[in-house]
């Protein structure tokens, strides 16, 4: 960490800053430039994040040097991690192909969709039982009944299942039914929820918040890791931007940017990133080409009747087509779609 | 709601769209233009929000006309609402002046700060007991002990108190100690939490999320209102932007924009919006000049020792100065700082 | 175009709106809903863009239906266009591979770089002679001398050349030396410049502005097309965002989004989009996988001595590696890197 | 400037960096921390902006400390500047009130509008003769004929006049007719244009680009100042954001943020910032309360017939009302609307 002093900082102010730094258990290294005096803080700066050094009189700026996360960082763990979702590997050359409807609507519909996506190459089934809806008047999901359907249909097709949790009070029951727990974009900084899923031993699918930087995403992963759960898969799903040509702005560069900073696997979700079925296939391929460890796509066999987000779902035939192309692009990069380990 | 069809939409597709619209209980009005055919949907469109009309074959766009919220809208309730926080009015010409430290640190410190802000004209005391921190390694707040201190200090100085809730499991205890419950920016779309505070009968201070539009904010207010709690105060506190000159981008135009769409009071929080003590006073005045119903400012008597967000706090003397100017600007607009009703 | 009236609009106001619409040569179609009255405007709405219908009393909103550009639209020209840069095709399955240094620094250096990129598979040479620099104190380019070097080196290696124009007064000389004229991101809405390059008969490389939507980009292309020059290649090069992990936000979804709206070829520039050499290769592959008609990459053989944007250049060996991967991804999609036609 | 080295940087790399820094004429100060080695660069860092230090092997980050502009900075010139527009002062407690139509349409109309805004308190008349329009099919302005009208009407009412220049070839004629030259938001980084207006001796009204940071704006001012023209007035007019509730995002905090960094006066333009007549008055007041040195508002006496931007113009009566409130807010802050010096 580097502390830059104001142009006219007095000697007494400089001494006070050094004293505070030393009082916090760090060493301070003074350097006087032509225009500014700076103080290098020597020691483990992650311990200083909460210290209000910028509030000390005479301080102009505090420049952090190290990333604010440790367990999630590639420095701490240089090899890429591989997360195992009940036998399906994500990371290290293995692609997770997560597919299914936005919301679980009925056993019959989920079974039809699962049959289709499994045939196309999906290896994890998704479906929402507790739905975060922007309108209080919209369908809020089937709840526990939905979880039961998801478990049953996943088992029938040999597909591990992932579903979203919105409330710490739902974690116990979701943990009972699901193989992977999803934290949605709107809850990426719901710190109570992150702490609680960190206390389970289930893999966590952590979606990037719409106004979160890559470092914010890794900081939220750190919350989960800090509780002892190391099975986190990151997910790029679009951030806010000024162009409403797409629902969100698909930040495909976040894939290699996360890879550089962290060992955690990262997948892409072109369904939520674009909100447009015509853009999902090219954006899915772009994600894989950029190095993603998997692709999350919403699929529905009758979008016009879907109870949630129908307009952004692919039809089963469209999914089969894009899955074929994903396999070809993955092959160029030496990767394969994981199959369930026996 | 207006449905725009694709250029080459067939008669069968047009008929199917009309049939679906009628099946949902609405009337459909067909209009053929030179380049496009459109269908006007006649009826209460808020009931159609969840219907995936955009997913029907042949549909190019679905254009909503009405805002997606009802209870929060100024059409439903043309007169501005006044929210009463244990005797302090916010709205209708009455300014709420909320001040206090980011986090409650100790009884002595809170008492000193409360003494100062009360003398300067603040009418509601704030302080965090449960803190949403981006780092799992940072101070997380004193919890219930903090709530007790807040209640005690507020009572001593005759100031109603507001504090943040982060988790539905905290609502019961926060409701016991606080006069107003704050939903923070990161939880603006934590729908479980919104639903639960909507079931209390306490005024709610709802902060705008960093990636939320003005309409998203009103939609979150609708969640609270839809549960029967009509005491919501909105708060503009900055949104994400590309310029890191300030911590967030202070959207002062959101104040009159909310006023146009909604009857709910709206206050501003220049502390979080700018993150810079030197910008807080001018931005506080700007908010009042734009029509805000109050100002939320963080105040600390020793920022360099603050356990949270010290670098963005005003000193008591700085707060006293800005409060004086706020009073003068408010007078120009015919408003006054509310005092506690006896 | 659809005009939505305010809730309480009077009959006189409605009549006045209809009268204005008819006075402008359009037909008006009135439709009264439960909550709002709307007027459909029938005719070629692009002619209405400048008409201030939203300013008429009683009007709440004006909703355009057609895109605001005509010549650039895929409706006007359903087949993808192929632009020919002195024998090198861009579009229709042919990839343009534009490479070279940010600025032309000397004949020797450009010759070395051209030798390397040609060997790696580049088919168009780039280099800046007039440089738009954010600092008035930075190197501003070699000017006409740079153009001469570019022409000579391009000819030596059999590579057509592209260079940027910043000022209408430079167009004549740039047109004399270059095979393709670039409009930089900062000039995407420099309408004088767009008009002037539209009067040349050279292909134009039009870079997306940092705060431009996809539709803004197409509208700027329309300026060029409207002057009679139909040889426009669009270029996605990143837009502004709140995350400074990358220099700009690479909007890879803009590639298929432009394809949907327009017949013009679109290429990607991962150098400016990310500003980080480590992210250029994965983002180049992502662009091709998303359907781009080419890739623009800055290459320098000694970045630490580059006179402009050195830190974002690839080394020749890195370029050769990514070009090989681009060829493999392109093959999956049935595309090839164009070679110069004899 | 501080150079942070990569974790594993070798001694040879460190030596090479130090050698490069010294070769550029600077002193280097090495500091070895627990996790990172950093090098402080001692000397005038603005001379290093173009040096690609980040491209040297072993360098992780280059952190600038000083702002990249010098002439515009408040360090170079601590007292606020006052710009004199033919007798009307802007800055130092004097408010410039710039008003008039978006485009000059006819002598009669401009005369009517000038009569009204002058009576309301405006002290500078604006009107566009060369219009930057996003559509090539929209009204492009009356050109030189418009300039003649503007001059004539300004003289008749004793109002100095300001108009926009879009092309370096227009500067000579605009300089002949206008008292102040405007650089529009889309041309804020048109460096040819900035250089040329820097060579005139007319005050320049420099509007902030829609994707420009506060520092980018000051850097563009530096271009003008570096040519010898010190009469620059900055203008905040909204930046791009994800919320289309307003046309742009009015960044009122930019007013005090510029004041902190620079001595140049800064005014606000709520017309372009919001694009909504109902929001212009509260946002104008907010700008003045935040410390702006003036307000730029578009006024038209028949918006529905305006040839450009009619929907965002105030009516003369609305302008008179807001001017009255501006005067009252200004008085609270000890400022006055400048009147023409005799």
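For reference, chains read A, B, C and D in written order, and residue numbers begin at 1 within each chain.
Please note the rule applied: a contact is a pair of C-beta atoms (placed from the backbone, for glycine too) under 8 Å apart; a residue touches a chain by one contact, two chains touch by 3 or more.
A quick note: this is a predicted structure, and the numbers were derived from the prediction, not measured.
More C-beta pairs in contact connect the chains of A-B than those of the other pair, out of A-D and A-B.
Centroid distances from subunit A, each centroid being the mean of CA atoms, peak for D. Distance between subunit A and subunit C, defined via averaged C-alpha coordinates, is recorded as 31 Å. Distance from the subunit A centre to the subunit D centre is 39 Å, each centre being the mean of its Cα atoms. We define each chain's centre as the mean of its Cα atoms; on that basis subunit A and subunit B are separated by 26 Å. With touch defined as above, residues shared between interfaces to two or more other chains in subunit C number as follows: 211, 239-242, 244. Interface residues of subunit D, counted against subunit B in their complex, comprise 211-215, 239-246, 249-257, 260, 273-274, 278-279, 282-283, 285-291, 325, 328-329, 332-333.
Taken together, the subunit C residues at the contact with subunit B in this complex read 2, 4, 7, 29, 31, 33-36, 38, 40-45, 61, 63, 65-66, 75, 240-242, 244. On subunit D, the positions that touch subunit C within their shared complex are 20, 46-47, 49-50, 52-57, 68, 132-139, 166-169, 186-187, 189-192, 195, 209-211, 216, 219-220, 222-223, 226-227, 239-240, 303-311, 313.
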